[in-house]
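Dropping the structures in below, format is structure tokens.
Next come two complexes built around chain A: one with chain B, the other with chain C.
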Partner chain A sequence: MAAPLISQGEVEWITAGVSYNTRNDGRKREDFRQLKVQLGMLAQATGSARVQLGETDVIVGVKAEIGVPDADRPDCGRIVFGVECSPVASPAFRGRGGDELSSELARALERSMYPGPSGRGGGIDLSVLSIVSGKTCWVLHVDALLLNIGGNLHDAVSAAAKAALADAKVPKVQVVPGEDPNGKRARLQLPGHSRAGCYSSVSDPEAGLAWPSKRVYEPDYEVDDDPSEAMRLDASGMPICITVSLIGGHCVVDLTVQEELCSAAAMQVAVDASGGVCGITKRRQKGIEASLAMEMIEVAQRAAAQLHTALSSSLAEQQGQQQMAVG
Partner chain B sequence: MPAAEYVSPEGLRLDGRRPKELRQLRAELGVLSSATGSALFEMGNTKVLAAVFGPKPVEQRSQEDEKRAIIKCEYAMATFSTGERRRRGKADRRATEITMAIRNTLEQTILTELLPRSQIDIYVQVLQADGGTRCACINAACLAVAAAAIPMRDLVASCAAGYLESTPLLDLNYLEDSGGGPDVAVAIHPNYDNRVVLLQQDNRLAIETFEQVLELAVAGCRAVSGFMRERLQEHTQALAAAQDAGEQDDVGGGDGEDDDDDVMGVDDF
Partner chain C sequence: MHVDHRRGIHSSATVRCRSPSTLATITHSAAVCRMESKYQALGRPGEGTVGVVCVGDVIEPQANDSVLRGHGTLLRSGSLVASRCGRVQRWNQLVLVEPLAGAYAAAVGHVVVGRIVQVEATRWLVDIHATTLAVLPLSTAGGAVRKAAEGAVDMRSILVEGDLIAAEVQAVRSDGQVQLHVRDAVASKLPPGTVVDIPAALVRPQRKHVHHWAATGIKAVFGCNGAIWIGVDGGSSAAVPGIEQVQAVVQAATAVRALAGVGQAITPAAVERMVP
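Up next is the complex of A and B:
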């Protein structure tokens, strides 16, 4: 990325300000900039969110596709994270220029979302995304697009990913038993509603009527287009990444581009809404003493509480507005 | 699957528009703080963001032109922009073609001779694609260049038209575009007697029908240029008002002679 220029005088000014707990824009060391969230602005996506944290602008789109589950987690769906740096954010992102930064951001998101073997405990409960165990599941593609660089990209991207997943409405899937040559039917609940019409008289499986002739006896699935039947994801357990940086020995949160040039060491801590730490990564060139590292993690937990509250109140407001618009 | 009816017997299209009706247009200037000039342009569900960086010194000395500015362009589509999620590589052939079309059109519009030895970067990001993307990109790029205070000889306005079920249709959306009929994309300079600076046609079209469709597309372009001019005037007025308000706070402030910094530098308006 093209490095913005900063003079030694400016570095000293910012460092001195931080030691007095005052930053260039008047914030204290542990204050976040204003967070603006907009949900559902991409009509073609399963879920979407645009987050502006100060000048940093990120759009995240979630698309749900039918796919195959992992072999070691047959009863779970999958989430795949991708990040792209749009050239509109900077000429440095022309061509393949943004690849390094985007892989770093995508990896950071993935690491904070590692689930346990049951699919739970990873931010989003992946077991709700399963359709047919071992064969079919929902794969959620979470794609972030950076539109403007204003500092503190990791935090903004993870907050936007959380907002987009909270906005996502995964279509309802009906699993329909296929015809079984042995005469056995799978025990599945078949609601009366049917879009295609050809399954409309399936209420009596024993009658053997109206089954389309299928040679395969594996269960088939049908996706329901009705938006009011869609499933909302529970993203409340999803962590947000907080980057805590050291400027002149003090821990500072939510740095602007200029402030980032004054910091030589940073810690990225993924913290969930209850204050639990989900992942830690050390960034930048300088080493951090162990005691200082512990302090930074505590700062991250405090700051995360602030950001989680700001995000949930924005989400609640937006979703309330959506309800009013629909209802 | 029933054959899609692109124009109903009452004369309504799939989205309820009349054949000669444009989709709803929306534009916002100055949406990105890092870019010199930026604009968000929407034609119906097609949403495009354009950013301009420059004029600045040329990055590669060998490309420097002593008589005019060089223009670098890039077009990118977000993975979530289309109905089916597609992982588009940046070297996609369609993207290269559209990049060239945008660059070519803007090269004819920007007064590059006034800015020799410099480089102007124009980047376009498609956020949502629903037909007419290249037209929306050109319109967004034009507004972004204006917002960057780069002199242009005229506005460039772009629109596409097609022909389905024996009816010329203005501003096709994605469904209509995939209907197998012709698609004529046009960009014009409205003040130079509607001279055409971009013309691209897909699919077969009889020459008599072509004139009709071209006329319709040009009329669409004129409507788009009217809309763009309104938005630019509103934006400039807002900037002038903000500048006046700022000057009243200044001690011994200036006399407002810099008000025209963000207006296009063309005198014939």
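Up next is the complex of A and C:
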């Protein structure tokens, strides 16, 4: 009973309904189910969001940790995506059963967020996550947990990841000079001004050292716990993945589990709020004609506009409520 | 009893919640009261039985020896008190509380809508949303028996995995295994349509389980296991369902979901009132 089953009669029914633009729940082909967003329910996480798209239920938590930047992008932070399929969602996910699906979803999220060489241009500007160039940066661990499978997982997970990153409050970090063994503190230039932070420009006449200093002070950082000083991430440029499937030659968006069983070809298009396409992945086994592929991308752009509007209005409402609660 | 569906808590519920039983430590949470008001419609007034009870409610103020305690009841200070939320059932001396939530519990004579999940040599295993799979033996599957007499039967030519069938519960064995039977295995396969899944408690066994809408040529089968199948009427089968049929089925399915959402019992009459 692990894989969902469907009868020939139901497949014929769903295909007929799609051709008449009347799906089983009365939706049109390009209509989304009701989107419910809840922010900040995980108190221990840097940011969190729960997204319910119809029956599909996903929770995403963001945790910011201090780590080491990539060698090819020393002035940027990092984002690491992980997805877990909970056995609560389906008995097939017991043990390692959900590994394939979870790695597929995590890779899809990563692909939609590729930044340029400077760290900008991707979904999130990674250069704001740098602390000490080449040495220390924020690493955001974005972890998704699937609570219920109701179809259209990719879209729900990417919407939840965007909401969670928008909710994330990264603590303020102050880079302080390292302590020298004599107990004298030297003035250290902030990152962005110095190339390698381990040399200090000393203005203390008592120390009697000239630039460049021979003494190496490892810079230290202090994390400010004050939540009002925390940095909010700008997730407005982050794309949402839209899965467009073909049922009987028609393009359909936001499929339920039963509808997914009737579809043999699908395209996942990551679209940002301005309608720009950030990534395309072809899914399932059947081939798609080129002209149909272009049509599917256009459908995805239209559908993404809908989802972005719904998501941003939910976010604005929730964040406004949070402001009122705090202030 | 005044029911306020918006708040989900009604005044008389708080009165009943203050019963002097020793179960007062179990708090009557808002969720419990909401469930009570949600299932109000299931209680049939004037039958002499209490409709829906909550945990801690007194069923029989003086429970003497003639009262047999069934599932879901507790004896506290000489009175019979409910230990779970549900509907009170009385069978002669037996008093029990039937739960409203939970998996479907089959009984003889129930009509169910199930899906074939496994094909074996002489039987099919059917998923009827119960705790275990039900069995549809070849011998009880009407028309197929005649075929069997002529030679070996190809089970898959009759019913395969994924097929939806409408069957009746023939027997429930002591180990809980449910046995189904159909008049004709091939005819029991449901034509193009869709299944709406709702809580099984909302579909009571009734006289008529099938409702036809002649105008649009669709029919609905109300399975006691909470699976309501709605689709084209097999008799008037066209190659492809027409747009009026699709729209009519979607309307009926939405009506069923709406009724289930407010806890109304799903009967052919109730659905017909919403979708004439």
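Convention: the second predicted complex is superposed on the first by the 288 of 327 C-alpha atoms of A that agree within 3 Å, B and C clash if a C-alpha of one lies under 4 Å from a C-alpha of the other, contacts with A are read in each partner's own complex, and residues count from 1 in each chain.
Rule of thumb we're sticking to: contacts are C-beta pairs under 8 Å (C-beta built on N, C-alpha and C of every residue); 3 or more make two chains touch, one makes a residue touch a chain.
Quantities reported herein were computed from a predicted structural model and do not represent experimental measurements.
J.: Identify which of chain B and chain C touches the larger number of residues of chain A.
T.: The partner that reaches more residues of chain A in the superposed model: B.
J.: In the overlaid three-chain picture, which partner chain does A:Ile6 touch, first (chain B) or second (chain C), both, or neither?
T.: second
J.: Could you say whether A:His141 touches chain B, chain C, both of them, or neither, answering first, second, both or neither?
T.: first
J.: Is A:Gly26 in contact with chain B, with chain C, with both, or with neither (first, second, both, neither)?
T.: second
J.: For A:Gly17, decide between first (touching chain B), second (touching chain C), both and neither.
T.: So A:Gly17 only meets chain C here.
J.: One more residue to check, A:Arg96. First (chain B), second (chain C), both or neither?
T.: first
J.: Give one of first, second, both or neither to describe whether A:Gln34 is in contact with chain B, with chain C, with both, or with none.
T.: A:Gln34 sits against neither chain B nor chain C.
J.: Pick one for A:Gly82: touches chain B only (first), chain C only (second), both, or neither.
T.: The first partner, chain B, only.
J.: Per the definitions at the top, what is the overlap between the chain A residues touching chain B and those touching chain C?
T.: In chain A, no position sits in both the chain B and chain C interfaces.
J.: Hey, which residues of chain A end up touching chain B in the complex?
T.: Against chain B, the touching part of chain A is residues 42-45, 48, 55, 57, 59, 61-63, 65, 82, 84, 86-91, 94-96, 141, 143, 145, 147-150.
J.: Could you please specify the touching residues of chain C with respect to chain A in the complex?
T.: 115-117, 127, 161-164, 189-195, 231, 240-241, 243, 246-247, 249-250, 253-254
J.: Please output the residues of chain A touching chain C within their complex, sorted ascending.
T.: 1, 5-10, 12-14, 16-17, 20, 22-26, 258
J.: Which residues of chain B touch chain A in the complex?
T.: For this pair, the touching residues of chain B are 32-35, 38, 45, 49-51, 53, 72, 74, 76, 78-83, 85, 87, 90, 121, 123-125, 127-128, 130.
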